[in-house]
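You will see two complexes here that share subunit A, one where it goes with subunit B and one where it goes with subunit C.
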Partner chain A sequence: MTFPPQKLIGYAALVAFGLAAPFVFPNYHSQMAELWLFVVFALTWDLVGGQMGYNSFGNVLFIGVGAYACAVAQVGLLYDISNYTASDGGDATIYVFTVPQYLTGLAIGLPFAALLAGLVAAFFGSVVLGMRGHYFAICTLGLGVAAGQIAAGWEWIGAGSGMTPPNAPRGIGDLAQFFYFFSFVLAVACFVVIRWLLSTRFGLALNAIRDDEDKAEAMGLPTTRIKVTAWTFAAVFLGLSGGILGNLKRFIDPIDVAFAGETYGVWMVLMAILGGKGTIWGPVIGAAIFQVLKEVFWTYLLGWQRVALGLMIVLIVVFFPQGILGWVREKFPEMFGHRVDRGPAREPAE
Partner chain B sequence: MLDNLMILINAPVITADLVINGLLVGAIFALAAYGMALVWGVMNIINIAQGEFVMLGGYVTMILFWNGIHPLFGVVVAPVILYGVGWALYRLVVFRVVDRDLFVSLLATFGLSILMQQLMNTAFTGDIWTAQSELGTSLLFGGLVSISNIKIAAFFLAIMLGGCLVAFLRYSRLGQAIRATSQNARAARVLGVDTDKLYAITFGLNAAICGAAGALVAMTYNIHPYIGLPYTIRAFMIVIVAGLGNLAGVVFAGLGLGAAENIAGFVLGAEFQLAFVFGLLVVVLVWRNTRLAAKRQYLK
Partner chain C sequence: MTALLEIENVSKSFGGVQANKEISLEVPEGAIVGLIGPNGSGKTTLFSSIVGQYPIDGGSIRFESEEISTLRVAQIARLGMLRTFQQTRIYGQMTCMQNMVISASVRKRGFGELFHGQHDPQVSKHAEEMLEFVGLYEKRLLRAGSLSFGQQKLLEFAMALMNEPKLLMLDEPTAGINPTLINGLIDRLKRANAQFGITLFVIEHNMRVIMNLAQHIYCLAHGELLASGTPDKIRNDPNVIDAYLGAH
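Up next, the complex of A and B:
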């Protein structure tokens, strides 16, 4: 990959903006942290859904696994988990974490979350990714919901009353700001890795599977292995983002935060489609617009915000399925490096 | 878990109770599944909002109940209203996605389902309701198994409604046109069938039959805004197991699912019953896929 200087300046400006944002907008730390997590959701969904053509409704599975795995590791390093969840983890006088303990917990919890989510993806992927089209979509939907229901019934991790990640010690400072940087770094890393992946032969193989899987298989591509690898890549990033999400929300509800198929699960699809499926910048743009719209709905349409979101899903899917970048690409193909032969100017038909 | 299993083995009466109750609710599942198979077969759309039609039918029945009308009338009123809802949704949204990629229609109906459940949540809050039909209970096996009469009534009503729909599709002119369209939409169009109108009717019929199922659900179990998705998944699973256009299969799969779900709910604990439903979906799909892969003749 080579970067022309103007592109490099653009990237540098974006990174500088991301680093400066929490100091410029001190009141929106958690919303902005959530935005970067949404970027990860949309990018990873698009890697499998947009680039590989496997539309998953169940990627929340990995967010949930990550959220619980991270919290369990953070708590489990120092305390007994069933006692902790039985008391809702609320008693800050008993379950104390010092700054080094807290940081160690995160340093172990986040990789653990990534590992577990990746393993789950590799395990289920080898079974589920054999399905095509809508069967895959509905099967993943079932996986996500089933996982949420199991978590909601599992006493050890708090069952239906959820689990609270460790209380942050004072030395950490503003928690939302602290995790803002985590999610920002994660989003940048996710973008870079996926961009790199798509520039390799692996990326071409993904697109080949999307365009015609039987043909790709006939050409000798190990399609199952490629599909599972792509899903595992997505899952690793989603696991990390789940770990951050749980700590950011300060509470892991099995169905509303961890395995939230009806919110994050649908939103990530919507963000990718809104920005433009199968493009690298589309999910990023989609996530940014979606997060702003969501916050506006939450502020000004109180009580009706979820209705408005449902309506938005229908409208975008039905009327604007090509997304913003898809639309731009239709209008200005030259910007995307497609050579357009407009042919000799035709006489207007009489 | 094992204790519960031992109870089932040692006390066949409890098993019988669970199975009978499960079979009775299974008829309602089969009804919703038949509607899904209809839309899937005719329009090539998998309707994720299926369960939301069930939920809406339940709320129609609740509204009747709150106004002092016996909820059994919901079985008549809910389909009529839901037919209108289904028809309107087709005219507003669904007709735009009929010929498009399956994923688009999947996502569009998913959006519709979220929209409907949130509308109901806003209108009626998230509370859980049951329409009391006050029909009493029957005792079987010398009083060892008790079953509320409304469940028995719901079972026969579901079978009857399904029978009416089957007869309609088989013998009426319109039903023949619907079946012709499902066989070959283009040929039907050539022979003068207005397929667009037919799709609207089919989608309305599906909503109506789900509405009737919802009325039965409101009387025999309970409804709240979020019951939709499990019903959609059950319907989908039943259609997968039975195959499109296999009526007897739909009935048997529906009854079997009802019984299996009840037993699983007892053995695993009620909090895992939904997990069982969704887990079973994954198992069914994986099983279907391995069967297909085994039959595949090329690229072994």
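Up next, the complex of A and C:
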């Protein structure tokens, strides 16, 4: 990877903005933290849906697995989980976490979330990624829904009444601000890793699978392994984001937070499409615009916010199928390293 | 010359349609072998069976004396046997260079090497040479999908060369190519054989092309092997003429 100086300045400015934002806009910590998680959702969705051409509607599976895995590790390090969930996790006088305990819980819980989500992706990936097109999409949709139902029926993790992550000790300070930085770091790491992936031969292989999987296979590429690896990369980041999400929301509902196919599951696709499928900045831009619009709808159109959002989905799909960066790429292909034919074809030298 | 590819009594049927009936043939190392036959005679089916796309019903397919009829498409490709498609297949949204770079031989590379950068100077140089070889160097930064059909066909050929196969199976390489370019393509196929040492197995409908190109020709009709021999022998074989003109 090469970074020309003007790009480096751009990146530095963005990071500086990200670090300063919570102090500049102190009233919007949780919305901004959510924004960075949305960036992760959209980027990881696009890695598989945009770059590899496998439209997944079940990536919430990994968010949910991550959310529960992290919370279970955080609690389980100190207390019995069934007792904790039976008391609705709420009794703050019994289940106390000191600052070092809380931090240790996160330090173990988040990697555990990543690991478990990655394993789930590697396991299911080798089965569902054998399917193509619509079949893959439907199958992932089923995985997400099934996972939500299983979580909603599993007493150990609180079943339908959900699970509460540990109460943060006072020393942590503003919880939303605390997790804002987690989300921010995760989003940056996710961007860097995906940008790197796309600069390798692996990135080309993903595009090759998107353009013609049979050809890629006929050329000897180990397509199944490539697909499962890409999905696992996505799952690891989604697992981490799920761990953060549960703690940020302070409550893990099996269907509305963890395996929220209707909201996060659809939104992540929408953000990637809005910004431009198959580009690195598209999902980032899409997530930012989406989060702002969503918050505006929720604030000013309360009661009708879902109608407005639904209308927006229709408008985006009908009028912006290529997304913002997709449109830019069409207009200015040179910016993306593509060239347009200038002269007539040269006859092959005889 | 030893046989690089040996096919023995290979049969394949789709429901009641017997596409290939006990076909036996061999492709010697370093040769250019042709496969002709009227439409629907089972040529492409045979190709697809050889590269592992269709499981065969019976018989044996050996590549470098190893049985490959139970291997999968990508495994066979990694052994060094590639096919091109009748309906040209390239990666349409990627540039020509990207098409070439990802086609670089995976035979000598492990999975881990996929995580190396795209801009390996050695690979890029090879890719540019091969694009130059087929006459697409000027187009290397264009999106492959924006090329004309004939150019896509040349690109597919260049991608196959980039993979450095031992055996390259071409399904109608000249179909859809501008007649004035056909001579250039024949020349290029011969050079790929002579310079790069790639054995060629070619399906072709254009008789002038195949008679010029191949040293040995097999002719299929109704899924069966009808005749085999030198171009001269095939040209004068009454069975072959009957098959093409419909006296069968």
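Details
Throughout what follows, the second predicted complex is superposed on the first by the 340 of 350 C-alpha atoms of A that agree within 3 Å, B and C clash if a C-alpha of one lies under 4 Å from a C-alpha of the other, contacts with A are read in each partner's own complex, and residues count from 1 in each chain.
Assume contacts are C-beta pairs under 8 Å (C-beta built on N, C-alpha and C of every residue); 3 or more make two chains touch, one makes a residue touch a chain.
The structure displayed is predicted, hence computed values, not measured ones.
In the superposition on chain A, A:Thr200 makes contact with subunit C only, while subunit B stays out of contact range. Look at A:Leu309: by the touch rule set out above, it reaches subunit B but stays clear of subunit C.
Once chain A of one complex is fitted onto chain A of the other, the partner contacts of A:Gly130 are limited to subunit B, with no touch recorded for subunit C. Applying the stated contact rule after C-alpha superposition, one finds that A:Trp281 touches neither subunit B nor subunit C.
Judged by the touch definition given at the top, the superposed model places A:Tyr95 against neither subunit B nor subunit C.
Of the two partner chains placed by superposition, only subunit C is touched by A:Ala208; subunit B is not. Of the two partner chains placed around the shared chain by superposition, subunit C is the only one that A:Leu221 touches, whereas subunit B remains out of contact.
When both complexes are aligned on chain A by C-alpha atoms, subunit A residues 217-218 touch subunit B in the first and subunit C in the second. Looking at the complex, you find that subunit B touches subunit A at residues 46, 93, 96-97, 100, 102-104, 106-108, 110-112, 114-119, 121-122, 229, 233, 236, 269, 271-272, 274-275, 278-279, 281-282, 285-286, 288-289, 293, 299.
Note for the complex: subunit C touches subunit A at residues 51, 53, 73-74, 77-78, 82-83, 85, 89-95, 98, 101-103, 105-107, 111, 113-118, 134-135, 138-139, 141-143, 146, 148, 151, 154, 159, 163, 180-181, 183-185, 187-188.
Residues of subunit A that touch subunit C in their complex: 1, 197, 199-205, 207-208, 210-212, 214-223, 225-226, 278, 333, 337-341, 343, 345-350.
Residues 55, 57, 127-128, 130-131, 133-135, 137-139, 141-143, 145-146, 149-150, 152-153, 159-160, 217-218, 262, 266, 269, 273, 303-304, 306-307, 309-311, 313-314, 317-319, 321 of subunit A are the ones touching subunit B in the complex.
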